[in-house]
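Per-chain numbering from 1; labels A, B and C assigned in written order.
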Amino acid sequence: MNRHIQQKIGFILLGLTALMVVMPILFVVGHIAASGARAITEEFITGMPRNGMKEGGILPAIVGTLVLTLGTALVAIPLGVGGAIYLSEYARDTWLTRTVRLAIINLAGIPSVVYGLFGLGMFVLFLRFGTSILAGCLTLAIMTLPVIVSAAEEALRAVPVEFRTVIFSLGGTRWQSIRYIVLPQALPGIITGVILGLLRAAGETAPILFTVAAFYLPRLPRSIFDETMALPYHLYVISTHVPGMPMHIQYGTALVLLVLVLSMNLLASLIRSYYRKRRQW
Amino acid sequence: MSDQGRPPKIRIENVSYSYDGKLALRNVTLDIPARAITVLFGPAGGGKTTLLRLINRLNDLIEGTQMSGRVLLDGEDIYAPGTDLVELRRRVGMVFALPLPLPGTVRENVLYGPKLAGVRDRTRLDEILYRSLQQAALWDEVKDRLDDPASTLSGGQQQRLCIARSLALEPEVLLLDEPTSGLDPISTGKVEESLFNLKRNYTIVIVPHSIQQAARVADVAAFMLMGELVECGPGSALFVRPRDRRTEDYITGRFG
Amino acid sequence: MEQMRRPRLGEFVIESLVKVAGLSSIGFVVLIFFFLLREGVPVFFEVELTNLFSTRWYPTFGLFGTLPLILGSALVTLSAIAIALPLGVVTAVFVREVAPHWAREILKPMIEVLAGIPSVVLGFFGMTLLAPVVRRMLGMPTGLTALTGALILAYMSLPTIISVAEDALDAVPKSYRDAGLALGATQWQTIWRVVVPAARSGIVTAVMLGMGRAIGETMAVMMVTGNAARMPLTLDSLFRPVRTMTATIAAEMGEVAEGSVHYHALFGIGIILFVITFILNLTAAATIFKKRRRGGLR
């Protein structure tokens, strides 16, 4: 057989394989969107669950997830961006720096359910925070940390080294080079990374299972020591633990979670492409 | 050479310098006079840029280097412990081979130094802006574009902007590392012209991008080859009657 | 300009904080390991080793055999990788080497979307839609099987595998490709005989990280594998329910009393998981570090 025909066929097979990767994704998203759309009413979004969650809305779960994501951000952003600045701007190539990098790689690989165990052992029991928003946010923040550090460091390193040299030659200090040039220039990349990290936190269930999530709590959280419902956990509960749960409520919950997460995803992409076009270097 | 007989602005004393064990400068001794243009020239890899960057300690940023000898600025060793690097770099400004405008407008670029130094007063900043751009022979060309992004200027304008940015700190010494290497002849002429104006007030050390440029601007010329200072003398003499055979060979184009 | 001097104390404080943030990662790894040990190690004193590594996990009867769970995790993970590796590498080759620009512009965001879909949503989808299909195809009484879990897991580890494999292909010098083509090979031959073999170590890294992702995955697996703690030793185990380590922790931790043997045993499983992923990631990191040293840091 002619080699070029062979190549043509090969390339078509590669394309078909890529299609096999993409089609199920489209199908999952499309199916959930189509089946969930029927459940989306004003009451569903803004109401409390009623009648053993078989009626009413999922407001406490939505608010819970937003609160958890926000709390995670408050802890993870300063730690993550600070860590990235340290790695990119201060750390020299020593054994300590290599240990930090290894630690980050390992944090990124620890299973989410192990984070849940850790959160239970340290925050809920040892520090006596109880099952609370505080314990959940801290657990999620540590889980999110490696994502933010890696993305932020990459963004910082993308800023040309010469900009820093110029600042030094003008009598600027290391911190001034960061404050006036490196950080502002890297900001879009950092924001993108932060959103991608938080998106993961927003969708996770295992780390909040034993640290914050409430099975059924039809009210909004009152303090950081309160338990709360959360969308991913809620979806898990109503799809596995509640017999006779109407399908459209299950699909509706999945859709709301999916929309929340994918809109964060979209936002990150938009920021990235917008600033990539605009930057001057 | 009106300053001859007076102590030099900068004295480089027996300086040797190596990166990762590779010798970049070998026992260099050189006096740089105040208010004159000193030219460091020679083939690539001769240690010119290294020597230049030693004068404001930008080489400190590189890991794995070793240095011996002294660099005196107004008689004081800038490598003595406790030297304030920030202060030093304000006194010794630097312009790089490629125009490196920072992100931001023309105005912001010129005023980076003063802002880093904590100057906040608007009228003071406006004065600095005007004076620096005038000295760099750029004011007339950009006075209506002060708030345009610096990246919209031409290459020659950007390089003069970088000179103005250094001048904004009122340094005593200005180091220029092949400042016209990326520029066309007309822009090069403008940059050189601004240097002639500047030497009335500043000590200038320049690595030129050609022998012709070296000959045009040098008050004092120093020929460097493979990390060594071969010879040094008034530009008027050195380019006409070099004492060392190697200098002559280089000037007449036999190598390099 | 003498009035321009500023106090540097503020910078010192900020730089110290930055350093603390940088080093905190080490602290967290140590803390995580410490608390797992603290809560998990007692089980080794409370339960005999023969019990711990026996084949029966019935905590209510004091049977804490972790073997079915470990093998369950292994079965699901390896099957998932067996599916995901060819899919992922081929897709990475397609994206990097072959795909026209427009196809890349569609594929990349789609894979990002996949990476963003929460595990619980995929689990829900697997339960409601995939499992019935599997059941009908296999003619089994239930569709909640190891295979269903492996399918879901395969797709969940695809983003990791594709992106790491892509980086590996990207790192192959252009000169290799040119050399292949100059010798008269077609692009197709160059890809499979030159480029992919040259990217081998990166692809191994991709597999490691993909496995780490798959073995640690919890919610989706718990929802679709049926959770029967049986030894997956027979050939048809893939088509039967199975239970993984992660699912066991997630499903049972909510019901145990703090400080009980069962509680300690679940933390013990956590230790095993931690150690496995630690080794996988360390190995993957070793190749990443080697590559970086070869390329040189800035």
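Note that contacts are C-beta pairs under 8 Å (C-beta built on N, C-alpha and C of every residue); 3 or more make two chains touch, one makes a residue touch a chain.
The shown structure was predicted, so the numbers you read here are calculated from the model rather than taken from an experiment.
Chain centres computed from CA atoms place B at the largest separation from chain C. Chain centroids computed from C-alpha atoms place A closest to the centre of all protein C-alpha atoms shown. Between chain A and chain C, the centres computed from C-alpha atoms are 16 Å apart. Chain A and chain B have Cα centroids lying 49 Å from one another. In terms of their C-alpha centroids, the spacing between chain B and chain C amounts to 54 Å. Residue positions 93, 173 of chain A are each in touch with at least two other chains.
Annotation for chain C: no residues touch two or more other chains. Among the residues of chain B, those touching two or more other chains are numbered 87, 90, 117, 169.
Residues of chain C that touch chain A in their complex: 8, 11, 14-15, 17-26, 28-29, 31-32, 35-36, 38-39, 86-88, 90-91, 93-95, 98-99, 103, 106-107, 109-114, 116-125, 127-129, 155, 158, 162, 186-189, 209, 212-213, 215-219, 223, 246, 249-250, 253-254, 258, 266-267, 270, 273-274, 277-278, 280-282, 284-285, 288-289, 297-298. In the complex of the two chains, the chain A residues touching chain B come out as 92-93, 162-163, 165-173, 176, 180-181, 184-185, 279-281.
Here chain B touches chain A in the complex through residues 56, 58, 61, 63, 86-90, 93-94, 96, 98, 100, 102-103, 112-113, 115-117, 149, 151, 165-166, 169, going by the rule given at the top. Across the complex, chain C is touched by residues 3-4, 6-7, 10-11, 14-15, 17-18, 20-22, 24-26, 28-29, 31-32, 78-83, 85-87, 89-91, 93, 96, 98-118, 120-122, 125-126, 142, 145-146, 149, 157, 161, 173-175, 196, 199-200, 202-206, 209-210, 232-233, 235-236, 239-240, 247, 250, 254, 257-258, 261-262, 264-265, 269 of chain A.
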